[in-house]
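Lettered A, B, C, D and E in written order, each chain numbered from 1.
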Amino acid sequence: MNAVDAQANAVEVRGLNKFFKAHHAVVDVDFDVPAGGSLGIVGESGSGKTTIARMLVGLERPTSGTIAVTGRDRSRPARGARERGRRARELQIVFQDPYTSLDPSQSARAAIEEVLRHHGRDLSLTQELVDQVGLTERQASARPRDLSGGQRQRVAIARALAASPKVLVLDEAVSALDVSIQAQVLNLLADIRAETGIAYLLISHDLAVVRQLCDTVLVLRRGRVVEQGQCERVLDAPAEDYTRALREAVPVPGWSVNA
Amino acid sequence: MNSVKSTWKRLNKALGRSGMLSLAFLVVVLLAAVLAPLVAPADPNQSSLLDAYAGPSGAHLLGADGIGRDLLSRLIFGARTSLLGPALIVGVSLLIGIPLALLASWYGGWVDGVVARVFDLVYALPGLLLAVLTVALFGPGLTPAVVALSIAYIPFLARIVRAAARQQRVSPYVDALAVQGFGMLRITVRHILRNIAPVVVGQAAIAFGYALLDLASLSYLGLAVQAPTPDWGVMVSDSDAMLKGYWLQVLAPGVLIVLTVLALTVLGARISGEKPPGYLRRRPAKAVAAEKNRTTVGAAA
Amino acid sequence: MGRLLLQRLGGLLTTLFLSSIVIFGSLYLAPGSPENVIFGSRTPTAAARAAVRHRLHLDQPLPVRYWDWLTGVLHGDLGTSMVTGQPVADRVGAGLGTTLLLVLMSMIMVLVFGLTMGLLAALLPGRVDGVVNALTSVTVTVPSFVASALLISVFAVQLGWFPASGVGQGLGGRIQGLVLPAVALAVLSCGFLARVTRNAVRDQLEREHVQTALVRGLPRRTVLRSHVLRNALPPIITAVGLLTAGTFASTLVVESAFAVPGMGQLTIQSVAQKDFPVVQAVALMLVAAFVVCNAASDLIQAVVDPRLREAGSTS
Amino acid sequence: MRDRLFRAALAGTSVALLATACSSGGAANTPDAKSNFSTAQVTTAPGTKSLTNLTWSGDYRAPYAEDPVKTADYPEETILGNVCEPLIRVAADYSLQPGIAKSWKQPDSEHVVVELDPRATFADGKPVTTDDVVYSVMRNLDPNVASNYADSYNDLGSVKATGPHEVTFSLTKPDYIFDRQLGILGSAIVEKAFAVKAGANFGNANVGVMCTGPYTIASFDGTNQMVLKKNPNYWDPSHAGKAETVTFKFLADPSALANALSSGAMQGAFDLNSSVIPQLGKSSAGKLYIGAPGSTTQNIDLIVSNFSGGLGDARTRQALSMALDRNGIAKTIAGGAADPLYAVAGPGFWQSSPAATTYKAAYDQLAAQGVDIAGATKLVQAAHATGKLVTIGYPAGNPQSSQLAAVIQQTGQQIGLDIKIVGLPDQQYGNLFTDPKARAAYDGFITINYMEFPEAATMYASYATKSGVQNFNGYDNPQVQAALDAAQGTDDPQARAQDVLKAQAILDKDLPWIPIIAPRALLFQSKDVTGAPLTFSYMDNSWITAVGAP
Amino acid sequence: MTAPLLELAGLTVDIATEDGGSRTLLDGVDLTLAPGEALGLVGESGSGKSMTVRAITRLLPRTATAAGAVRFEGEDVLTMGAGRLRGYRDSGVGLVFQDPRAHINPTRKIGAFLIEALVGNRKVPKREALARAAKVLAEVGIDDPQRRLRQYPHEVSGGMLQRVMIASVLLAEPRLILADEPTTALDVTIQREVVGILDRLRRERGMGMVFITHDLDLALAVCGRVAVMYAGRIVELRSADTLHERAAHPYTLGLLGSRPSIDARVERLTAIPGRPVSAFESGPGCAFAPRCSFATAACETTPPTLTEFDGGLVRCLRVEEIHAARTEVKA
């Protein structure tokens, strides 16, 4: 395992709010992701989970509240290329749609190399990353349009890892994949975390996926935190009605449609 | 050798038969224009009154015009002015339009609003009218006509570039690059521009064709290229020949204009890979695009 | 809907206002002076020139003249032609009817032939589509002046069916005289509209909601009418709006080619004569025609497609 | 299919000049000699029957104004003479005939006395008074009017009523050609009371004019057509119009005009473009008439705009002139409706003169010189001008001018001159005539010139004397000046011819203008009308009165 | 046993490609559906489940050709005349699509969409049709149906629109409902409501249903029998209550192992290697062989057939051996 200070939080979010015109998308959200930990944010559409992810990576600006990653504040937009680069090396993101999250004109290898070069890292790491996410030689040199959804998502993960971030935000990163592929990627993500000690912040609507990948979970509804805690506790013994409703809506063996 | 072959194959596949034919035709026209002094059988301005309206013969392959100038040579040299003007127009409007469109699409918000408003305003002035007014200002000539049409074509191309860039801009890969710490300039130039290049090149080819038409119309009206400079538009305006029944004098340049524009539009549509002609996409069906649900990946083959 | 209407109207007025400043300003900043036309080739005495400049108000500062012009326009007075001394409205009015008739005739042809060809191509894939496609590929590249030359040589000079130039007396004579110019204007637009129609209808035919309608057992005719054609309208309307506006601009060329005494010819003539009040009025009317066509097409689209009704839905 | 859309509005430079006169006393009230044109050459068969309407070409654009003196170009000069008669009438053969001026005489070289016809009335029935005549003449000198004919009266000392029907013009210089100025639109008589009341709006389309002519303006839309109406109370029944109304239409495009004529939509036209000759020659709707050589004063020349450039050496100019294939140009570019021109004041300026034989003898000698490329090349070499750049401007909108420019360029090449031709838009081209700075960029420019009346002395004086309005290059030769001064002060046509020819001989060597061709009058009349003149006399004159049904 | 409501026999669909060739999308699909029965069709991308639905309604792409038979109440849909086809589509079958926003004409009001078929095909007076529509809207759990009838599709939420879509199908009172991933685009809580409504009304009205989904657990909850498809073929068909225990095909087993569970975290998901393929991509033998950990050389070359096994139908050459091995491990 990696020598990460278990005490330090990889991500600390306090009093986060986001308004879009009159719409209050994120309301007073607080959470931590411990270094090397894994937090799942669950919610239905419109719950504000993706907005939180975008604020974390700096694609949206919080209306109020603070975001700190590895102890450094990033609630204000980065000034200058240096700061942008540093933030990039702290936290990366993998998006949902593998078909649009890669530059269609760039091969996996080129995309990874571009990032490595940008962060001044050794280009020989490319092969390492390609191997780490389980891409073949041929796949690594192919354009995205010649890859399947799962392969593309592996490329996206490799590209994010190329910055060697401490935290990886997974924004519905497996929900668009076929079931059999989803399992592969989930296993891959678990392996990576085990190898590198990277912290995950998984945004998902799928409780089962969260349970599989995360230690802690945060349930979000209409921008507010409903419930937060260890996965086992929250999912097995929900304290809130909403969490219970969510959980019961998931079809499982013996599940009845007319609740 | 192999790579030449494969490039050829790829080109063939991308452009299709009509596209390849168009390309071939345009290459011939372009070569004729560039090499005009070498390929033209005679000096396009050399007149000999004895040959006035001479029919096609060994001396004049397509015959001669009203003051005995070789028609073929005038057509060949005419390709120069006829192509140069549109090239300038497209070049200038791309040079100004692309940065504006990229800025607007990158920043969105009020920047986009202002740029779009300005485009709308210029777009409200018909290019031909703008050109006629410019001519009223500076007098006829290629330069004022080119300047006016360049201005008129900026929104024409910039709107398309903006829409295409906007589509890229909202693509997660751009967000991913931004999260990687890449700056706006690098992302727009190295990624967005590269990805919309086919659209830009294709639409530029189509715009080239339409600029050629507009410029030829102006030359026809006597407002752009001036006689006796050989130019296709000017040659079509030779009412003298028409009245006297020498149709070839008028029809040959007319047909060349039509064929060149046809080739350009076909090629442009092929390159940009779109079905409806892009110049019509005044407002991309935004509502429809936005409504289109994100389909689950791989829902059906 | 009401808000959209207001918004479009506001945009229209803004565009006209800004255009008027641009046109007015640029015309008067131009080198050369309008009074030269009146003096012809002779060099007038300084006194004579000054007198004429005073009479034409050319000795006043530009903003003053613009203000005078603007207040005049707001009172319905478009000014006085510098060359003939007539009210501009009279000069413009004389040609306006002819040009409107010409554009109307041309657009009727465009609608009839363009829509028919486009629909045929869309609904009959294969050979018909191929033929129409080939035809429209060519016609969209035929500029109106080349079309004019061809039409005159065939239908006026060779066959003598229509006058090659000018228009006759009365509505009948005017229509007969305008047939060829209208065709010359319509050639390019027909192809254009046919292609847009074809693609729009094709696009709708492939839409899922059309499958829904089909899978509900609705007759093909009904599906075509109330789903395919109806939903294909917006791009077609945009095209018609653009083409109408473009046709107004093309009258500059075609009216010259056929010596049609309309606005286009008046524009070219007035530009040559530097008769600025007339140029200003005609140019603004062309701009207005452009803007009105575009605004109208937006509004009609909003009627067809409820999603466009919220103001500001387009940018 | 268009061309003269932008026809150089200024290409036809109308010239009306003062001339001096000597003191050979009492002149005749009728032309002193008959014209040398045969009747068949000057006019078509006179119309005999009346017409309800006549539709005629008003030339390439609508008149700028109805005021007879405001603008002088083909449209105004073709139409307005029928509405506003000049003091003296001009016949088809250019002879001066009594009109409002019943008679006129020149008691000495500096006075012209005009006797008004007491019958003369304006269209509103009011009689023409000496006051109206004085006012009308003096308008030309009023800067507020900005008359285009102001130059005609540059040397007018005064004009006064010297009797109930008598007006006396006092000149500041001797001039026996002054009576010609009374036959052009500058001396068109307008009603003073009406003009004063109308003020600056006099002649505007919506205010109109008040004149004495056989026709009045019924309507004018400023752009497309002007309708004239017969004046029912015209004061001179012998000169009354035959057509009840006359509709003038303005078509810029020669082919449009040709089509209108051959389809019968229009019944007649002057000033046709030579390109329509083949079409109209075949037309069954009417007949195309080509005037005799010298039937107009129009002359197409290359004006040398400065003597310091490529055309600075007279030998270069002579060489270019020698090398020009005038016959070929006349045949090809002008479609045979023009004649080679060997002196700027060619037959059109003296054909009708009693001294025509004298002029012709000298002219034939010039014509006999022929084309001599070898000689010209040598001259160019002698002038050390081989390879020199010569820039020539021409009106771009006019295809004939561009063709001519191309031929001149080609000719220059043959004799070793590097000629660059520049097509100029109207405005710029027009500036060449008014702005010395604009001219400075060119060594020469092509012009289509005309004068309202045929007088060689006046034509030469216009460009070869120091005060000539068309002296664009500063040409100054005392001998020419003296000869032309003498000609203007000479009453006897023969003696005047001698003086003119003296000047012409020098000008043929100095060549400040290089003559090229002289277009003939072109007229088309439909089968149902006849009577229009075949000379340039339609300009400024009430020519419609002769037109009627055959 | 009553005559089947729907019967697919050897249904094969090929689609012509641009280069003149053709690609197989469905390869010999056999299925029967009894009246009032609900059948689940489960598979990943390329499995051909959506194409099956399209074939049942004869809503195939222009360049596609179908072989075999699709019999609805004994009549072959693929050879019906135009009139019969319209009648079948009007009252025989109803189709609920995944994406209601794309499948409902956005330019017309919801009311117009709902009554269109009633007024157009059955000449029901407009007023009455609207009344019926309002009633059905209420049945699918929509408040204030009168107001909804006057709204445009873009003015309501996705869940609401899917209910409208279901209402439109119910209005036609068909004997068969085809539901093509009807809840995939919806949130889980909404999914539950919508599936509940669909299931309840189907039962009440005794309609047959083919329910297509990629979510095996959802299919099991809604349907009596479930067919698992892979590469254009049915690989296993089994009753829903026994599938979890008795699943025999390696692919079905893989699917079951791939899904993480909400109840417990497993150390490692038993992922199937490789990616799902389409029928035209598969080799001459078993299409799943390249991804199958049990595959032998024979699997690569010999196409397995759908055969009876342990109370279901399974398309696997080694089904017996695998079953034996698994029972051994379990024991």
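FYI, a contact is a pair of C-beta atoms (placed from the backbone, for glycine too) under 8 Å apart; a residue touches a chain by one contact, two chains touch by 3 or more.
These numbers were taken from a predicted model, which means no experiment stands behind them.
Visitor: If every step must land on a chain the current one touches, say how few steps get you from subunit B to subunit D.
Guide: So the least number of steps between the two chains is 1.
Visitor: Identify the chains in contact with subunit C as well as subunit D, in label order.
Guide: The common neighbours are B.
Visitor: Just give me the whole-number Å value for how far the CA centre of subunit A lies from that of subunit D.
Guide: 90
Visitor: State, to the nearest whole Å, the distance from the C-alpha centre of subunit A to the C-alpha centre of subunit E.
Guide: 32
Visitor: Where the centres are mean C-alpha positions, what is the separation of subunit B from subunit C, in Å?
Guide: 22
Visitor: What positions in subunit E touch 2 or more of the other chains?
Guide: 44-45, 99, 102, 106, 154, 214, 276
Visitor: Touching at least two other chains at once: which residues of subunit C meet that condition?
Guide: 32, 145, 149, 152, 256, 268, 274, 305, 307, in rising order.
Visitor: By the touch rule stated above, which residues of subunit B touch at least two different other chains?
Guide: 135, 139, 220-221, 237, 242, 287-288, 291, 294, 296-298
Visitor: Along subunit B, where are the residues that touch subunit C in the complex?
Guide: Residues 112-113, 116, 120-121, 124-129, 132-133, 135-139, 209, 213, 216-217, 220-221, 233, 236-237, 242, 247, 250-251, 254, 257-259, 261-262, 265-266, 275-277, 280, 282-283, 285-288, 291.
Visitor: Report the residues of subunit D in contact with subunit B in the complex, numbered from low to high.
Guide: Within the complex, subunit D contacts subunit B at residues 1-3, 5-6, 253-255, 258, 275-276, 278-279, 325, 328-329, 331-333, 396-397, 399, 402-403, 405-407, 409-410, 421, 423, 425, 427-428.
Visitor: If you look only at subunit A, which of its residues touch subunit B in the complex?
Guide: Within the complex, subunit A touches subunit B at residues 54, 57-59, 78, 81, 84-89, 91-93, 95-106, 115, 118-119, 149, 156, 159-160, 163, 176-178.
Visitor: Could you please specify the touching residues of subunit A with respect to subunit E in the complex?
Guide: Of all residues in subunit A, those touching subunit E are 44-45, 148-151, 178-184, 186-187, 190, 205, 207-209, 211-212, 231, 235-236, 245-253, 255-259.
Visitor: Can you list the residues on subunit C that touch subunit B in the complex?
Guide: Checking each residue of subunit C against subunit B gives 11, 15, 18-19, 23, 26-27, 29-32, 137-138, 140-146, 149-150, 152-153, 192, 195-196, 199-200, 202-203, 234-235, 238-239, 242, 245-246, 248-250, 252-253, 256, 267-268, 271, 274, 279, 283, 286-287, 290-291, 294, 305, 307-308, 313-315.
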